[in-house]
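Got a structure for you, written out below as structure tokens; questions coming shortly.
Which chain is which? They are A, B and C, in the order written, and residues in each are numbered from 1.
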Amino acid sequence: MALLEVRNLSVRFDTHHGSLRAVDDVSFTLDEGETLGLVGESGSGKSVCNLALMGLVPRPPGVIESGEVWFEGRDLLQLPESELRALRGNSLAMIFQDPMTSLNPLLSVERQLSEVLEVHRGLSRRQARKQCAAALDDVGIPEPERRLDEFPHELSGGMRQRVMIAMALLCDPQILLADEPTTALDVTIQAQILELLSDLQERRGTAIVLVTHDLGVVAGMSDRVAVMYAGRLVESASTLDLFARPAHPYTQGLLASVPDLGGNREGDLFSIPGSPPDLVELPAGCAFAPRCGQVEEACRSGPPDSLDLNDTAAHGPRRVACPRAHAGFETGGLL
Amino acid sequence: MSESLLSVRELKKHFPTGRRSFLGRSHDVLRAVDGVSFDLERGQCLGLVGESGCGKTTVARTIMGLEKASGGSVTLDGHELTSLGRRGWLPYRTRVQMIFQDPYASLDPRQTVASILTEPLAIHGRGKPKQRKLRAMALLDVVGLNPRHINRYPHEFSGGQRQRIGIARALALEPEVLVCDEPVSALDVSIQAQIINLLVELKERFSLAYLFIAHDLAVVRHISDTVAVMYLGRVVEMAPCDTLFEAPQHPYTRALLSAVPLADPLAERQRRRILLEGDVPSPLHPPPGCAFQGRCPDRDAVPAGRCVSEAPLLLACGSSLVACHLDPSRE
Amino acid sequence: MADQATKKMGDWGLGAGELERILSEAAKHKGESLWQDAWRRLKANRTAWCSLCFLALFTSVAFLAPLLPLPSPVSLDLQIEPQPPVAPWSQFGRGGFSPEYWELSGLDQAMVRGRVAIFDDWQTAAWLGTDAKGRDILSRIVWGSRTSMLVALAAALCSLAIGVTYGALAGYLGGAVDNLMMRIVDVLYSIPFIFVVIFLITIVNEYRTELEDHYGINREVIFYLVIGAIYWLTMARVVRGQVLSLRHAEFIDAARQLGASTARIVFVHLVPNVLSIVIVYLTLTIPAVMLFEAFLSFLGLGIEPPKVSWGLLAVDGSEMVNPVRIYWWLVVFPAAAMGATLLALNLVGDGLRDALDPKLRGQS
């Protein structure tokens, strides 16, 4: 049985420009010890989706329109705030996207870290300090004892991000929502952090939702990948299949935009033409239609349903929300 | 006197750290930057990469005068900058500008785009208000935004658009040098590609020189002419871009390149990374000799104990500069 | 210089004519500032909006008091005992107004002349009753509210001018300067101001004529000085705390690397960003100041008769409380006016906090 099951989650924001659905009918499951990569454009609702799982969507302007999130036989969306708080940081942890604004500039690193331990574990100040130092050591920060007394602005960008990671890992969570955990890290430290996450996964059977823009990280870490566009899951597949045979035109564009380390340096990098859609005024049909190179008349009529893809070579179930992709795979011709 | 536009010599920045008491000062110093030198020519891009916390941001901020240098010099066209106060700096501000990492934090949320973009002109007394505003619109056009949106506020733009506003602000004074501290790491790949393309285009159009700090080595490779690799406050290798990526010399550079994740699951799973062992050294108590010594996979190849006893100098080796005892071809 | 700017612009793609045209179009694409956004949210908050309207009405009545057809707040009409309220529908107005006031300012005198010109000697009946000396309670409440407003204004100005600047500078400059500046605040804090007031006022009472004649110092001046000295302290602390957390924000660094002066950074970038907290805090300070004024006047240390203030009204009311006969209107109406004002201020403060910083909603 899946550790976490998300069904038809929709989150709406009522802003003065109008309402927008940041997460629209998203469903997925997460097994113990599994890593789900969540990729997609800026503003496609990845962070909001994670916040909804944690019960942290700001309300107002946010409204959870529908959906269920099953974890340990309970629907997290129905839990009272007090029980959620007991889960948060304990069996459910999140690495927030923005370390600059998620850390309190007025508190020392120790104060920020030890809060979790003092709240959930009831440790004394001394014990908590020791554990915090160990956690900083794990994420590769040298002289952790010393760093505990420093303030966020005295750390480098990458160190701040690692403090956030250490905070999330302090209580050995069962589910870890990692929202772009390694954007500010160099590749060697990034490798070390990813190693740390894999360790945790083996030791504790932690399931990870890994949000990232770095498709290399997704390729290396995740078992399955879900692609979001304008609040919807447009494609989900096992990592191998997705990279080998991306089905949705957006996924194809995304993969093509990745700069290649060995590639030629002449000419422009590929980028998907057009700009991300305004969620307040989404086009009637497929949200990607205005930027899609393979657009058809049918694409503009109604939002395409997410259907199982008939991919004979697939390593696992695949779903895609694009009729063209389905047609392409039916006839056997890869796009 | 060197010919280059921006020249950095033995730049040092030490932060006093440790618990500060009410009046007393602690004597511990954190050597964030410890003797960095490089030259930047007009129209060139120097990529700066390195481990997180090795002092890249501090180099950028010290060059910009946001931190006072503890030693060394930064000269622009032969004019010394490090010893200048705010007023003395003022004329050079128009020539060196900075792009920040975080598009959400680097724009004042209470200002309109118009006042963000006219502020540099106002500070330097260029033009009348009306002309400044026209100029701001021309800038928006240059960075690919709609000039009609000049009266909007930052929160009404997406991350990628905000980064463009940040770039426009840096361009307002028509600088010759742009210092970019991780300008694209907060953006998604597609928008990142747009911003990189924009930076390349601007570089050619206005023959700008960039100091480009980034963690994404593929991006660095795409945009840079020369790449410098930093480790614990020092440059350990500096080479023309292709040379560095094709024939890395320093063991740290090799480890760095081998750790780049590939966007291909099969290759990524088979890839052999050079794993760095040992503890990451601290800039508070750097190890004796070579800073990389404790984690270096090639340590044993060097004759007895030289790595521990002697800090390697940055010496020429072919077209590269490398600071390592290992290299056989140098002396 | 100016020429250079336009010339270069030509090189940058768009011609000057083109830009002019776009500039006129840009007016249609006005963005919404965080202030406008907050304003809209405030308007959507029914309670806060009503309170704000009430305060606006109240302030304008207080300001226009000399122009309104109210009886004089001081003209005596010696009777045996206070007259109970007369309902407006039984008696609306009457004649017999006499323009008796204390020494008024030029503007107020002009307003009084205007009033006489418009209403002649017509005045409202004693809708809220009269006090023991036959003075009209409604008129005294309205005139008394002017004192409260003035005190509130003084405190607000001090808070804004001194507190915000001081706090923002301390927070931004940091280090030893900050340390010194905040210690000064601590020292001022630790002075027991109520004793200082009593002490100063005793001195003033003692040497009344000399001080007044030679230095123009009277009780009221002392009173405002003291309020000025107290009410910026907390504001300075609040602002400094906020600025400390903003000081390392990237947009401040961005301004610094443009060469912005300290004054520019503090007033253009830091202050507008802490202003929401400042405004919220002000709405909470003002009631405290009004109470302080009432308290001092009650003790006989604040405003002096014949001038009126809410504190003095409370004194009058309490003097008339006796077991034989309760002149309830002497107590109830001034108390109600004061209570309503303070409540409205607090509600506006709450609404403003929600409106300016939606993230804070639900927290203390």
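The rule is short, and it goes like this: a residue touches a chain if its C-beta (ideal position, glycine included) is under 8 Å from a C-beta of that chain, and two chains touch if they have at least 3 such contacts.
Computed from a prediction, not measured in an experiment: that's the story for all the values here.
Asks: Once you draw an edge for every pair of touching chains, what topology comes out, line, ring, star, complete or other?
Replies: Drawn as a graph, the chains make a fully connected set, so complete.
Asks: State the chain with the largest centre-to-centre distance from chain A, centres being mean CA positions.
Replies: So the farthest one, by centre of C-alpha atoms, is C.
Asks: Once you count every C-beta pair in contact for both, which comes out on top, B-C or A-C?
Replies: Higher C-beta contact count between the two pairs: B-C.
Asks: Taking each chain's centre as its mean C-alpha position, how far apart are chain A and chain B in Å?
Replies: About 28 Å separates the centre of chain A from that of chain B.
Asks: What's the distance between the Cα centroids of chain B and chain C, rounded to whole Å?
Replies: Here the centre of chain C sits 50 Å away from the centre of chain B.
Asks: Using mean CA coordinates as chain centres, what's the chain A-chain C distance in Å?
Replies: 49
Asks: Indicate the residues of chain B shared as contacts by at least two other chains.
Replies: 101-102, 105
Asks: Which positions in chain A are in touch with at least two other chains?
Replies: If we look for residues of chain A contacting two or more partner chains, we find 100.
Asks: Residues of chain C that contact two or more other chains, please.
Replies: 32, 250
Asks: Under the stated contact criterion, what part of chain A meets chain B in this complex?
Replies: Contact set of chain A toward chain B: 40-43, 98, 100-101, 140-143, 146, 149-150, 154-159, 162, 183-191, 213-220, 239-240, 243-244, 253-255, 257-263, 265, 268-272, 275-276.
Asks: Going by the contact rule set out above, which residues of chain B touch chain A in the complex?
Replies: Within the complex, chain B touches chain A at residues 15, 17-19, 49-53, 55, 57-58, 101-102, 104-105, 158-160, 182, 185-194, 196-197, 200, 215-219, 221-222, 241, 245, 255-257, 259-266, 268-269, 273, 276, 279-285.
Asks: For the complex, give me every residue of chain A touching chain C.
Replies: Contact set of chain A toward chain C: 16, 58, 60-61, 100, 104-106, 152-153.
Asks: Under the touch definition given earlier, write down the residues of chain C that touch chain A in their complex.
Replies: For this pair, the touching residues of chain C are 32, 37, 40, 241, 244-245, 248, 250, 358-359.
Asks: Mind pulling up the chain B residues that touch chain C in the complex?
Replies: Going by the criterion above, the answer is residues 22, 61, 64-66, 86, 89-90, 93, 97-98, 100-102, 105-113, 119-121, 123-128, 131-135, 137-139, 141-142, 147-153, 155-156, 166, 169, 173-174.
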